[in-house]
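Just so it is clear, A, B, C and D label the chains in written order, and each chain counts residues from 1 on its own.
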């Protein structure tokens, strides 16, 4: 398998502003995820964050990224529209994979790619038990799991989640407080693949949990671009003669 | 059946600038479609055009529109972003139906709702034969048709069309010059339904052809909003006790 | 709206063999459902049961049924294969609607139409709380509901449920014991529509609960056949000349 | 990449009964395909044919097959039902990949896995031009192709094809005689993946054409089983306490 070039993007504000979050993720959420991937998957990892120039997503970085992982929460509005468009173009036209995590559901990027009001859902950050059930046991993103895995303390997200019906629904979550959620959603958008994965509130050590990291690693391999077919667009001459019959 | 309140939106530029188009649609494409619907379907019809204030799509008009039909071509860029957002909100949050016709595939509105680069396809306006085949014979939008219908002279659109895979694919077109196209595509987006229907180049009398008009009438009934379920969003108290087990 | 001709099919064994079930459904599950529909929906209702000749599903009954509702549990194997094939043909070729309830997931008919091993799931009949969440709030089958409805005591079904991914997923259930389940699943199969609805264990008064009955009523209207398009099959002469270019 | 164990199944009657077919496929269609795969893909290839004991599909053969390729035409009825069930079980429960070619659409196996009347379509064996268009350019099965490829002389298949809407539609064919067809259809059924690929009439040298063989090779890699998640079924003890709240 070829090396997959992963860029982990993190808003990286909570970690600098909130001691609890800093204590859980001393190097930031991006490095928690990136360090796991480096050790466990056939990848090269870079990170990028909101407050870097161009949010760390220069043309050069994007052009050499196979799979982009996205975590944001309190500063979605500060992400520049032109960069959202560039990322979207890389996914749709070039087939870059995209993995959107947790509160990234309300990001400009996710909403831009899906078209619905993806910020709309139920939530509660009381720290309750989540049980993530496997729905598609033959899916590569579920590889290595059993029936389900549990997260001891999590933020709840509940339906109705305002997304287009996923092309493949890999996980559904059960919450202690009584809700359910479509927690693992696959989409094809143009040449690219998009995976939304729900777990991940910043005040809990979600991205240190082995099952969560395993799923992200599986998703990186699933989302990696393939060569595909070389299709063209624009005005075309007829292939067959017109107007003869 | 209750009366469906339809607004037919037309860019309405070709008809004022091009004699050929004016001779085919002396009252504009919007009225050709609107007049058919008034006579043949359980609807009230209004029209709206680009050069009216707010493009004719005031809050009041949108709030009293059940199904919006959209035709545009040479002035997509002149459509105001805030109005695109308002229309999108009416579809996703309130369930207004939307029917996008022909070159409307490249409109801001269609791309905003679907997320991909929907302007990307092959085309050729040489006036060739199109044969629109029924793929889903049990679909209400195909009601009253046979195996296919033909359009004697049309602009060709060819694949790869850069859309998300439709939730339901109702029609596929065969073109004399050798291409195929997904010509009738259904999407659910939030509470609303969206239908893309390919036929309709302005220099041919497409919207006078009975089968084309019948499909648009069928689509109006299909896209009409329903009451649905009253779901909420935002922070929620737990339904079940947390932390006891 | 035209009258929909509904046939409610029930295995009708538990009610005759088990006093508890008989006390809940003294006229049988079929009549509990049928009586509700007669009073609340634009339908004509007939019933049919396993031990009638041809299981009550003669050619004449099938030919005059628009929507068939199916409940079975302990005698799936006694359903004749030739009748399964006739029902399947009515759905696929003629567009008869089919609503399969609860333990009907393991029926020959459901497995025949879906192709996977639909009997495979997790279950537990301890009588626990089920909360049925609305996933598609714009779907006619969810009409009139809120975020969810609860069933106080139910048999649990849990994922992985061995079905093809539904064309539309309307409900997901949360169970007190910790599981989730895709509880409202829509399929198009040929000209016909198929809805699987999970609630309904015979030892609980499920089919007396208003929300459950409302969903079944909604589903009857959704599944009713439409005229659609008149397509043909078999050997066809070419429409366009062959071999000239 | 691990070696994929492929079994190419062929009815193998035309080649023995018809001189024209024998001259095109002197070693049978199964060997034409198998020889290509052996040379070009990371596979081990076995073949199996209708007239061998158990149609060559013993428990041992099936248990050591990762991907099964199926070609049949005039003797679908002679395939034993118990073997159809065994193959279906291998796909759904164990994740064996299945590639069904051309006239295999009317096989017991394909109909059993899909549930609809898959033999229903239009056809004409006059030997006309087919142009297979790529619809999903980011799909691994389309890898290495351009916009389309042409087959100079083929049997036509036309819509309405009586299949469930495919999970992914990779190809649509244009026919010289005026029809269209969904020619590359992906399905997930249980743990397994199923690909239907249209080209392949026995009286034309279809399985010697490089693009056709390349697609079959791509499909073998796509359909190869993955480990997935280890899910269980049957009666389960509650994970959370019941009846306390």
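One rule holds in what follows: a contact is a pair of C-beta atoms (placed from the backbone, for glycine too) under 8 Å apart; a residue touches a chain by one contact, two chains touch by 3 or more.
Here the structure is a predicted model, which is why all the values come from computation and not from measurement.
Note on connectivity: the fewest steps through touching chains from chain B to chain D is 1. Think of it this way: of B-D, A-B or A-D, only one pair shares over half of the A-C contact pairs by residue number, and it is B-D. In terms of C-beta pairs in contact, the better-connected of the chain pairs B-C and C-D is C-D. By the residue-number overlap criterion, the interface of chain A with chain D counts as same, with over half of its numbers used by both chains.
Separating the centre of chain C from that of chain D, both taken as means of CA atoms, is a distance of 31 Å.
Residues of chain B in contact with two or more other chains: 122, 131, 134, 136-137, 147, 158-160, 165, 167-168, 176, 178-179, 188, 190, 231-232, 239-240, 245.
If you sketch which chains touch which, every chain touches every other chain without exception. Within the complex formed with chain B, the chain A residues making contact are 88-89, 92-93, 112-117, 120-124, 126-129, 156, 158-160, 162, 164-165, 167, 176-179, 187-190, 231-240, 242-243, 245. Residues of chain A that touch chain D in their complex: 1, 95, 131, 134, 136-140, 142-147, 167-168, 176, 188, 190-193, 225-232, 239-240.
Listed in rising order, the residues of chain A touching chain C in the complex are 122, 131, 133-137, 147, 158-160, 165, 168-169, 172-175, 178-180, 182, 240-241, 244-245.
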